[in-house]
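The following pair of complexes shares a single chain, subunit A, combined with subunit B in the former and subunit C in the latter.
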Partner chain A sequence: MTPILRKAALAAALATVALSVASCGGDSPRPGELHGAVLPAPLPKADFTLTNTAGEPFAFREETQGYVTLLFFGYTSCPDICPVHMANIAAVLRKLPPQTASRVKVVMVTVDPERDTPERLRTWLNAFDPSFVGLTGSTEEVNGILRSLMLPPAVKQGEGETDYLMGHAAQVIAFTTDDRAHVVYPSGTRQVDWAHDLPLLVEADWRSE
Partner chain B sequence: MKQRIIGVAALVAVLSYACGERQPERVLTASKGHIAIYDAVATASAAPDVSSLYFTIANAATSPDTLIAVSTAAGTASLHTVVTDSSGVTSMRPLVGLVIPAGASVGLAPGGYHVMLTGLRRPLVAGDSIFIVLDLARANLLRFRVPVLTYTEMVERLGTLDHE
Partner chain C sequence: MTWWCSAQDTAWEWVWQPYIGVWLLVASMLLGYAAALKRLGPAEADPPATRREVTSYLLGVLVLWIAADWPVGPLAAGYLVSVHTAQFLLFTMAVPPLLIHGMPQWLLRRMIRPSWAGRVARFLSRPLIAFAVFNVVLLATHLPVVVDGLAGSQLGSFFKDMLWLFAGLVFWWQVLGPLPELQPLSYPGRILFLLLNVFIPTVPAAFLTFADYPIYAVYELAPPLGWISARDDQQLAGIIMKIVGGFIIFGTASVLFFRWYVREEREEAA
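== the complex of A and B ==
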C-alpha cells in the first residue's frame, strides 16, 4: 500500500468509526450490548391502577409515560433481595447525570398488602429514595398484574399471622418509552450493570425495530 | 505443620483475592482458634423491624466446622438461603447448619446466604453496632461486634452475589 493509499484507508476507517459512534445515540441497543436479561419477545407495558403511598390512585401506564420505568414486586419485610435492588438502583441514579436520572421512574408494588400499609411502604422506600413510587392493591389485583407480565403469583410462606415470608418474582422489569419492556434485571444485578444500562435505556429509540 | 497450613490458607486467600472482580481487602472482624470472621456487616433497617447480617467465615482447621445458629439481643436471627423455583418464585429458606469446609471460607452475601433479623427491639441505625453470637459445632460460641451500614454502603462493601 502506498503512503497515500494508506492515509486514505486510515481516513476511511476513522470516518467509519466516527459514523458508528455518531449512530449510537438514538438507536435501539443491540442484543448483547445490555447487561440485563433481554426478553425473547418484548412485553407490553402493564395497564393497571393501584393506590400510591399518599392514598391516591396511580394509573401506571399514564403516570409513567415517557419515562424509563423500573417496576418491581416485593415487600418491606424482605431483608435481602428487595432492599438490595432498591439500594443499588438508588445509588446509581444518584451518580448518573441529572438529565439521565430524571428520565427514570422506580415503581415498587407490594406483594404483602396485609402488612405493607402505604405508611410502612413510604418509610421503607424513603430509606432508598423518596422519589420511588410505592403501590398497594389487593392480592388478587397484584397477582393479576403479575400474570399479565408472565410472572408467577407471590406465595405466602409460613402460618404466622404477622410472622411469615413471601416468595415472589425477583426481577426488575424495565419499561422503555415505547411502552414495552425489552429487558429485565434479575436478583444479583450489580450497580455497574445499572450504571451501564440505564443511560442506554433512556437514549434508546426502539421504534427502529 | 500448623505453619504450613496457615501458609497454604494465606496463599489461597491471596489467589482468590487476585481472581476476584474488585474484591476489597478483607477486614478481620473476630477470630477464635481455627475460625476467623471477616467483613461482618449489619444493615440499617429500611422497615423498622427487619434487617440483615452478612459475614465471611474462614476455617483454618483440617476438618470442617458447622455454623449451627446465630443470635443477637437486637432481635430474632435466622440463617437463610435464597432459592428460585422452576416457576420463577424466589424465596428464602431456613438453613439448617452451614458447613465451612476444612481450609476454606464461606461468605454470606446479598442474594445468597444471609442472617435475617426480625422483631427488632428498635430499628438498626447506620453508624451504630450490635453484638452477635455465632454457635459453631467445633469452635463453640463466638461473640463479636458488628457495625451497622446502610444497604447501599453494605452492597458497595460486599458486592452482590452474581447468579449467572
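== the complex of A and C ==
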C-alpha cells in the first residue's frame, strides 16, 4: 500500500469511527425519529423578560434553564388552535412519568394583551394545568420576541372593540436543555405525537449535536 | 351551502344551520311512504296499513331526521365522538326497527317483487350474511383512518350515515322481518342472533373507553366545546356504545323471550 493510500485508508477508518461514535451514542434523536417538525438549523433560545400571571418579571432564558420548554404564542379567546395545543400537552404531561413530566415547562405568551389580563390568563391556563406559565407584555415586546424567533407578528382580525380574533403563529417551539430549539410542533400535533416526543426531548443529550 | 353534516374547522356555535340533503332525504321518505300507501294500496286480501305501522314509520323518519340534522349531525361529524356514537346507535338501533315495523307486509312484498330485489332480499336475509354486514360496517366505520378520512367530506359523511342505516336495516330484519317467504328466524334464533351481536361492538367500545390517547384526529383536534376534554368525550363514547347499545340488544332479546314464552304457553293451553 502506498503512503498516500495508507493515509487515505487511515482517514476513512477514523471518519468511520467518529461517525459511529456520534450515531451510536443515542444522545439526540435522529432526523425522522421525532414526530414534530425538525428545524433545518437549531434556533437559539429567546432571551426576554415578560410579566408572569403573578405580576412578577419572568426571565425566560434563566427561568427555563435545564428544562425542556414548550413556548407558545396564543391568546385566551382563541377558539381552536390554542386550547387544543394546551389541552393536548396537558393531557400528555398528566400521563407521562413524573420524572419526565417534571422536566418540561410550558410557557404561553399572550398575543392579545388588551384582553388577556394576568388574571384572565391564569384562569384560562389553570383549566389545563396550573403549572403552565402565562406571560404578558406589550404588543411591541411580544412582536419583537416573535421576530427574534423568525415568526410573523400577531395580527388583529376584526373591527370589534372586544370581539375579534388574533392571527398568530400556530406552532409550539420546543427548546431543549442545550438552550436551542431543534423541533417545532405545528397545529394538528396530536397527543400521541407529544407522548412520543417529550420523553425523547427530555432524555436527549443535545450537546453532541 | 352545505347539504350534509361534515367536520368543520370553525368553532362550534349554537346557531342553526340548514342541511338541504337531510331535508330532501326526510321528504323523500315521507312522500314515498305516503304515495305507496295511497297509490299502490294493499291487494284485496291484504289489510291496510295500521295506525301503529304508520306511527312507527313516522317515528323512524323523525329519529333519522334528529340524528342527521343540526345540532346532532354537525356535532357528531366534527366535534364530539360521544355524539358520533349516539348518532351511530340512532342510525343502526333506533331508526331501522321503527322503519321495518312501519312497513305493511303487502308493501314489503311489492318492494321485493322484482326478481333482482327478491334475490338481494333473500341473500341479505341470511343470518350469517346479516351478522357479517352489520359487524363489518360497525368495525370499518369506527377505524380511525375511516372516521378521520370521511368526516371532512359531506359526501363521505353521507355515505357513512347511509351505510349505518343499511347495516341497521339488514340487522333488524333478522329480528323483526315479517315476511314468511324470506324464512324469518324462530324466536330462539332471533334471541341468539341478538346476543351474538353483543360481542363485536365491545371491540370499538373498549378502544374508545380504555385508549390512553384520543384515537380520532378529527375529534381530538376539533375546536373544543369547553366543557369536555377529548379523552373524556372518547370515554363517554365507549360507554354509550357498550351500555346503550347493550341495553337495546338485551332489552329486545328480553321482549322476544317473553313473547316466545307467551306463545308457547298459549300453544300448550290450546
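Everything that follows uses one rule, which is that the second predicted complex is superposed on the first by the 183 of 209 C-alpha atoms of A that agree within 3 Å, B and C clash if a C-alpha of one lies under 4 Å from a C-alpha of the other, contacts with A are read in each partner's own complex, and residues count from 1 in each chain.
Everything below uses one rule, namely that a contact is a pair of C-beta atoms (placed from the backbone, for glycine too) under 8 Å apart; a residue touches a chain by one contact, two chains touch by 3 or more.
Just so it is clear, the model here is predicted, and its values are computed rather than measured.
**Q** After the overlay on subunit A, what do you see for subunit B versus subunit C, clash or fit?
**A** These partners clash in the superposed model.
**Q** I'd like to know which partner A:160 touches here: subunit B for first, subunit C for second, both or neither.
**A** neither
**Q** Figure out whether A:170 sits in contact with subunit B (first) or subunit C (second), or with both, or with neither.
**A** So A:170 only meets subunit B here.
**Q** Is A:95 contacted by the first partner subunit B, the second partner subunit C, both or neither?
**A** second
**Q** Is A:124 touching anything from subunit B or subunit C once the two structures are fitted on A? First, second, both or neither.
**A** first
**Q** If you tally the residues of subunit A touched by each partner, is the higher count for subunit B or for subunit C?
**A** B
**Q** Applying the document's definition of touch, where does A:195 land relative to subunit B and subunit C: first, second, both, or neither?
**A** second
**Q** Does subunit B (first) or subunit C (second) touch A:77, or do both, or does neither?
**A** first
**Q** Based on the superposed arrangement, let me know which partner A:40 touches: subunit B (first), subunit C (second), both, or neither?
**A** neither
**Q** Of the partners subunit B and subunit C, which touch A:151 in the superposed model: first, second, both, neither?
**A** The first partner, subunit B, only.
**Q** Under the stated touch criterion, which partner chain does A:186 make contact with: subunit B (first), subunit C (second), both, or neither?
**A** first
**Q** Mind checking 42-50, 186-194, 222-230 or 240-248? I need the stretch of subunit C that runs into subunit B in the superposition.
**A** The answer is stretch 222-230.
**Q** With the touch criterion stated at the top, can you tell me which subunit A residues are shared between the subunit B interface and the subunit C interface?
**A** 79-80, 83-84, 87-88, 91, 187-188, 190-191.
**Q** Considering the complex alone, what residue numbers of subunit A touch subunit C?
**A** 79-80, 83-84, 87-88, 91-92, 95, 187-188, 190-192, 195
**Q** Hey, which residues of subunit C end up touching subunit A in the complex?
**A** Per the touch definition, subunit C meets subunit A at residues 9-11, 212-214, 217, 220-224, 226, 229-231.
**Q** Can you tell me which positions in subunit B touch subunit A when the two form their complex?
**A** Contact set of subunit B toward subunit A: 43-52, 80, 82, 84-85, 87-92, 110-111, 114, 116-118, 150-152, 154-156, 159-164.
**Q** What part of subunit A is in contact with subunit B in the complex they form?
**A** Its residues touching subunit B are 76-81, 83-84, 86-88, 90-91, 120, 123-124, 127-128, 151-152, 154-155, 157, 163, 165-170, 186-191.
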